[in-house]
Structure formats: structure tokens, C-alpha cells
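Below is one structure, written out as C-alpha cells; the observations come after it.
The chains carry the letters A, B and C, assigned in the order they are written, with residues numbered from 1 in each.
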């Protein structure tokens, strides 16, 4: 017990000091996200052959097309008059995109201006172009590289289990939330917010153990900061403290069904293993049931919004097993995790959407980054912030982009 | 007549000088309201036992609960992650409020952090907390003290008749208007804007004398500035000039039904007595009929909005008399003063809501505080501004609060 | 061919230099429009005798009334409390406007304060007033002079054909578009954006020649800059280069119905003659059919909006001919040019509305004025910018006006 108490004081005093010193300054500047990273932009099924789709990531307006199976992505803005292509896209040939306004024609693969339909032999041809973004498909998801120069290996920028042999995935949802991506990431990785999830229907239905009020790692040495060269940078937590009861004003508050005489707090490792990876992805092993992996991302759209992107993963060897898993996701496991907002019963992560929406204002406008009061379970969040501040390849800025008004966000009609 | 003319010149030249010198500088800075004052927040009936409700006053987000009959109020923002409690309030014990996110638990009476349900023996307990606001109920209305330190006596901060023996009140309406509170207060106290009220159905139905086009005090000595120590600070006007007719381009414009040969202007004291009190309340004796008192407030919400709060008052000795008065208010007198916007006939104060809405833009954005052109009836408004500038205990600032977007305003579901 | 190539190099290198040097600095500052010019405010039919109407032009809030056939216009803001008159206009006599709030009464003809209904013998009378704006009606359109001092001759400020003998006009539409007026004017005058119009139903139905992909003047000497003293300042283009086909990736892109073996580019003058005049008007001779004149304006409302105002013109000698022309406009030619947005088939200029809407964001927020990449057909736009920068009488600024929120824009109920 003495040891435990010392540990706690350690963690708390380090938290207190860190809050004053803020050894994660670069993180505070990253309101638009990190630069020179891969981000999940779309689910593969959202972009069938020959289809086009516009998205905004980290403030940059992107335009995607699938050509002969491969996904291409260019800047959604013509060099000439600055209009987006997506509200009226035109493609005369397999590999080109023509602007609806004056016929400026670009190569989807390189972004180069290859023709202008309205000027003979334009002097601009071959000299200018729009940005072309590297893309890759992994786990039925289209990733795009937001950055400069040659992209890093995507295996450094995504949750490691996404590359597991025999992994099978089922895309669940992409949902735009008014909340900065950092607040969202911290919410996803948050140890203690399981408290807000306690009414989740899955705790009763699912195969999970009885839920505690809160859970967190009791000491520093069971938190692992993953910062090996050439590997994804992240923080891995394994909660070993489970709070099942607490007293308020002499009243014993106890998890439903938890025995009256059992100890309020138990120390035992939980089955789920949660890790948060740069740039903005979470990996939860054992959720929503044993043997599964839950992937989610908090893709920055602008400083006030992120795209909450969820992928369910499992393991299967045969095509039949794979199809069975995907069907189970669609019919049972998916709705358990995310239900259409407003529909009952709420999915597990619907609560997180609620939590983030209500956290945004204080962080965005009331300087909560400097006024927040962290507690012991936030130790892992402190680690995450320091990891990002230390390893971020670059911090995204608006550059030559600016946030469009809601009615100026381009979409393919 | 010579004397009258001199008086007018006096008033006008003082107005002209004041407009140039602006001897009410602190008033100009008070866009968010005055600090260290009591404000009416809710009608008592809006907060039954055990109910909770969120309001914003002077930029501060407040959360109210009635416990054992008494009203408590705390800051609607958790110290941890800055979320408001109100979108999902949780109370495990009589006197505590628990945050839905991580179980931070506060005492409603003191704001102190008394427990965290998700951390064992948190080092934060007893050390930190949220702000608890003093409250009081007077005249079926819940008042809250926005300020620092021990509150002043509420009798200094409200219209004096509110504390009359045998007073009986009936709450009428709380209505949010897009208009700064100062513009609203000046509109309520405004002598000459009776002009805009001239179509009011009550002038025909009610027991009031024929209405003039305009009415105002003719000289300084019948305006009383109330600034006695320990008493509410206010300005009291008793109009003695009634304009019943005027000529435009040779056309005689005359109040409906006013005799053709009667003098255009009459000098006689009016029955109603109007006074405006700090921080933001009006008291009208004899409205909407003799023997009644009309109370209204312009409670600052933020710099662009106020809550228009109206209470009807009368006098009664027995429970039967009291109930009869309240019934008359609900059935007859209330709708005469405020009708649901859009419904006919409009209530008296619906016009004021219209007037304020259209005054806000010029004062808020076009610097009308410096460009306005005041006239003689505005003399009392000049007095009001100087009173506030002189006596305001403090000027409210945003402090660590900021204005939420419309979709980020918290409410109990 | 060698000559042509040299010309092109000439034009292109001048464009390239100009883009770097920006010899149209004053134009870049004119986000609110030009000052000391006549603007079309309303169609005559929109303001019948005795009617009133509010409009915003170049940030100034205007209030119009027709009295005995003549149109008057005053500032829509009372000097006293800054409210607009238009939400509840009151006129006791033929020539006066009374404020609904406190009875301040102005002369429509001069703006002078002539009476205050709520104060006897106000000292303000005759000393102060609101701005009265000069108006004129030309071509069934009400023009207003936004500026200071005596207005210039309206013949200097409008398209010259508007004053032609035997001209007959039919007002078509006034439509508010979220786009700065300069972007709109450049779009209207734009040589090459005919590309976007190529699906226009009128090209098939109408009497026009087969449409090219793009069209523009091939050399400087066929662009005329009109800057004679005392005449409207403008730029006149006569396109002599028609691009009918172009190659992309070896694929021949050819106008529908254009012969396979015909040359891709033809050099011949087009029938339509397009000129853009200061402050913000276009004149197209021969559109939408031979013998007609199309007039349109991009009237600045604020820096983010313009009013797209279209007038169709033709020539007729007798009343019967005039009526026949107007009927043809209403039934056939009007819908060809502008159809209710969303309705099929789209009118010619509906595409321009679409184009401008999508151009606004980049110019307004992403500094496209400095980042745009112009091409040869933009040579005439460069001339337009330089003309405006050189000749603008004054650049409009907000002055004592500010942009109202959408719900604060005044309208006569």
C-alpha cells in the first residue's frame, strides 16, 4: 500500500509539473493536424470504379477518383480561378480531369496541366499543375498522404494490427463531428471515460467482464511509449486498476450487480489493450469482443471538426470465415459500436461523439489547453502529447488553404 | 414661455456637450453587463424541486438545481475537461453533482470537488472546485449573484417595490432578444418611444388616459437621481410634458380622438412613474393599470443578447385576493403586456422587443454609441448612463468564459 | 503562323509580368465597389406609386419610395437611435418619412429632419438629417448615385446602348449571389468561360452559330480600351479566335456536330460584341439573338455578395413592336437567359451564377488575387482591371456602415 501511494504521488506530481511546464508545446500548435502523414480518407466501398468524391483533410481540399481499380487524388482547386472541380467534374479521357469553367485539364496521376480546351497551344502547358496526393488502400480503406516530398512507409503511420495476416475488416462509419481532432484522440484513448459508457447495452449483452466505474494504469511502468525507429509511434496502455465503487457523502456508489462486500478497487489487467498511434489512430484489441480489433481515427478536417472513422477487424482464414465475420459486423457488432445518432440503443462510440462535441468549446475558445485540470488516469494522455510533440514530422498549417463556409464546401453532386 | 424655452435650451445644450464629452465612459465598456450584482435568472416555477436548468448570464454558464426547496447554482463547466454538466446531469446524493464524463463530483452548495468516481483517493479532492453562485428568491423569481466575494444585500440591487408588504406578483415571460442589454434598458426607460406604442390595444381597452404622441420631463428638477448609500441606484422620471399633436408640412398630426382645438402640448404629471435601477431593472408604477407595478429586466446573456424578463405586480392582503390578482394577470393583464410573438393583438412590450432588435446593429457594429443624435427626452437616459458610470461596482468582462456558438449552448435535455 | 506565335508570346509575357507586378492595385482594394457612381438599384416595376423598398448597395442601406411618379431614396437609418425605417415605414404627408420609434420625420427629397412628433420645437430641427441619394430612371430601371457631391452624368456610368433611340427593354431578374462583385464582373466579361456554357439549350434552339469550346481575341490590337473623357469607361472585346477542338492524351475533343476534318481553331470575328463598363455593367450586342442587346450588372451589396441584375434590350419603333418584343422576352427569350434556379432547362446565365458562387471562396479567403494563374484569354480581364485602377473616381469603404447579419437585413414587411 505504501508503494502504491508513492506511485500515485509520483504520477500526480509529474502531472502537476507538466501542466505548469507544458512539455508538449508543439502539440498545442497542431490544431490542424500533423503534416507528412498518411490519413484514412474514404472507405474503399465509397469509391467504386470511375466514381469521384471530394473530402477535406487537415484543411486541404482533396478530390479522389478510382481509375482501373487504382485511386488517384488531386487538389480540388483549379490553378486558374481557384474553383473546385468536384461540383461538376469532367473527364474526357481515362487519366485526365478537366475544369468545368475554362477547360483546364490535368493529369490525375501527376496533377500536371496537360491541356486547356479553350486556348490553342497555351504557354502554360507542362509548366504548372495542381498537387497530386499519394494514395494507398489498406484494410478496405483509402489512405492519402498529406505532406511534402516522398511519402513515408504507411506501416509507420497506422495501427500495426492493420497489417496482420488473416485480418479481415468491415468499415463501420465515417461521421463528421464538431470537435478538434486532438480532443477527439484524447477522448478515444482516455482511460477513465469508461464511466460515461456504463449504460452501454453491450456490457450486458456482450461477452465482456463486468464494467468498472473507471479504469487506468496504476503506475508508469505499465505504460509503454512506442518510439522505435521505422515503427508506428504510439502509446500503449494496459489498465490494471479497476474502480468498482466509491463513496459520496457516505453513500456507497457501486457498479450495478457488483457485490456489496467486494473491494471498491481491484488491481488486475484488463483484457482490452488500447494504443494510440500517430498521426491520429486508435487500436483496441479485444473490442467489442474477444478476438477482435477495433480501429478508429480522428481525421482532422479543419481546426473545429474531425471525421470519426471506425473500422472493425477480426481474424479469418477462409473466404467463408471472412464473409461470416463481415456479416456479423453488419448485423450485430456494428450497431453495438455505432448506431445512427438518435436511434436506440446507442452504440458504444455514440457516447464518445457526444463527449467530444461538448468538450470542443472549452478547448477551442476558453483556452482549456492551459486551464484543464488533469488527474491520474490522464497520465497516458500526457504521454501521448509528449510523444506527438517529440516525434511529429511537421505541424500542419493552413498554408494557401482557408476554411470554407458550410455552404462553400464542395461535393460531387 | 420664456422660462420653458430656457429650460429646453439648458437641457439641449447639456445633451450636446455630453454627447461630445461622453461623461459615461465606463458605461460604454459594459457591453457584457455590470459585475458584483444580483440578476434575475429564472422564475421560481421554472425550477421545481429536484429539477435542474442551465442559463447564461453576463457570459457565465450557470447550472441551477432546487434541493429541499432551496436553489443552488454552480458553474456549468467541469474543471477537468471543461464540459458542461447540464446536457446529461447526474446526482448520486442530495447535495452533489457528478460530471457525466469522468465522474468528477462537486458539492452543489460550495462547488468543491468532493469525489472522483473513476480514481481512487484522488490527490485533487478538497483542493479544487467550480464556482458556486449565491442565489435568492424574491417575488417568485430566482436571483443569482454574478461577482466576487460576499454578495451585497439584494435590496440594493433590485427595484424597491419588489420588497413591498402585500405585494403579489405573477411572472409573465422570459424572452431572449438579439440586442445588447444597455440598448434594451434605454429602450425600456425611454420617455418618447411611447410614440411607437400608440396602436396598443390597451390604450383603448385599459383604464389609462388618452395616450400622447410623446411624453417626457420638461426640466431637470423633476428627474430624480437616486444614489443614496445602501439603497438601489436608479433614475426616476415623472413626465410632465405631453405632446398630443404636431405639424408636418402644414398638416396637423393629432392623436386619434384628441380634440381639434385643444393645445398640441399639455403640461401635467402622468400617472405612471418609471424608474430604472442598477444593474438592469425597470419599475413602472401604474402599469398596465392603476394600482399595479410592472417589473422588467434586461439581463445580459452576452454582448449581443439579453433576456427580457417581465413580472407583473399588484397588492393584496388575503390569499383570495392574491389568487384573484394572479388569475387576472394570466387571463387579461398578461396578454395585454406580452403576447406570443406573431399573435394578435400584440402586447405592449412586444413593440419594445421589435424596437430593440432593430436598434442593436447600429450600436453593436456601427459605433452608434458615438454617432447617435440624442434629443431632449433622452435627458433621462443621459442621467442613467452617468449613474451607471459613476456607481457600477465593476464592469463584467469575459474572463475565462467565451461566447458559445448557438449549437454549443448547453441545455438540460 | 510565326506572327501569331509572336503575338501570343507577347500577350503571355505581358500577363506574366502583370501578374507579378499587379498594375491594378486600386482594383484589389475595391472589394466594396467603386464610389461616386450610378448603380441600378431596382427595376421600375418593383416600385409602384407610393410603395417603399429597402436595398443595400456597396454596404449602404438605402430606402426608396415613389412619390408622384418620381423615385426618392434616403439612408435607411434614423440619426437618433440608428434604426432602419423600412421594417415599419410611416408617411404622414406626401414628402415625409417618419421613424416608427420616436417620430423623427425627414423630407424624402432632402433627407432633412423637418419634425419630431414627440418633442415640442426640437432644437435639432433644420440642423441635421439623413443622406438623400440622387436617383434616375433609365431603361425601366431605377439608378441611385452612391457617392458624395453632385452626381456625374449617368451617361458616363452606364452601358452606352442603354440610351439608344428606339431601344426597348424588358427587366429579367435581380438575383443575390454570394460572390464579390469583381469576380462576378470578370466572369461576365470572361472570354473563355463560354466553355462552361456549351450545354446551353439556346445554342441548339437559338439563331446563334455553332458554339466553340473557347473564344478570345488573338492579339492586343483588337481589344479596345474606352477611356475618352465624358464617356463611359470600358473595355470592348471582339473575339477572333474560336477553338472548336483540342487533343487530350491523343483523343480528339471536338464540339458536338463540328466536322471531323475541320481545323481545330478558326480565326474569324464573332457576331456578339461584349464590353464591360465602369462601375459594374456588361453590354452584349447580339445576345441572346441577333439584333438584341443584353445588359447586366454586378451591383456590389457587400464584399461577399452582389446583385446580379439582367435587362434584355431590343429595338422597336411602334408601341405594337415594343409590346411584341417585351412579350417575346417574357415568354421565350427571358427563360433562355435566366431560369428559376433548379428549374430545367437552365438559362444561359444560370451557369454564370454557379461559376461565381464557386469562385468566391478562393478570391475572398485564399488570396487568389495574388495566387491566380491567368492565361491568354484573360488578357481582356487584365485590361479591365487596369482601366478600373486608373479611372475609378473613388474606392468605396465601409465608412460608418457595417455589414448586417442575415437576420438584421431590413425589409419592408
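Here is the rule we go by: a contact is a pair of C-beta atoms (placed from the backbone, for glycine too) under 8 Å apart; a residue touches a chain by one contact, two chains touch by 3 or more.
In this text the structure is predicted, and so the values were computed from the model without any measurement.
A turn of 120° superposes the CA atoms of chain A on those of chain C, with the angle given to the nearest 5. Between chain B and chain C, two chains of identical sequence, the interface residue sets overlap only in part, with shared numbers making up under half of the total.
Our note on geometry: chain B versus chain C, Cα centroid distance of 47 Å, whole angstroms. Residues of chain C in contact with two or more other chains: none. Within the complex, the chain B residues that touch chain C are 8-9, 12, 178, 190, 192-196, 213-216, 241, 243, 246-249, 251, 253, 264-265, 354-355, 358-363, 365-368, 371-377.
The touching residues of chain C, counted against chain B in their complex, run 77, 79-84, 87-88, 92-96, 98, 100-103, 105, 114-124, 128, 400-405, 407-408, 410.
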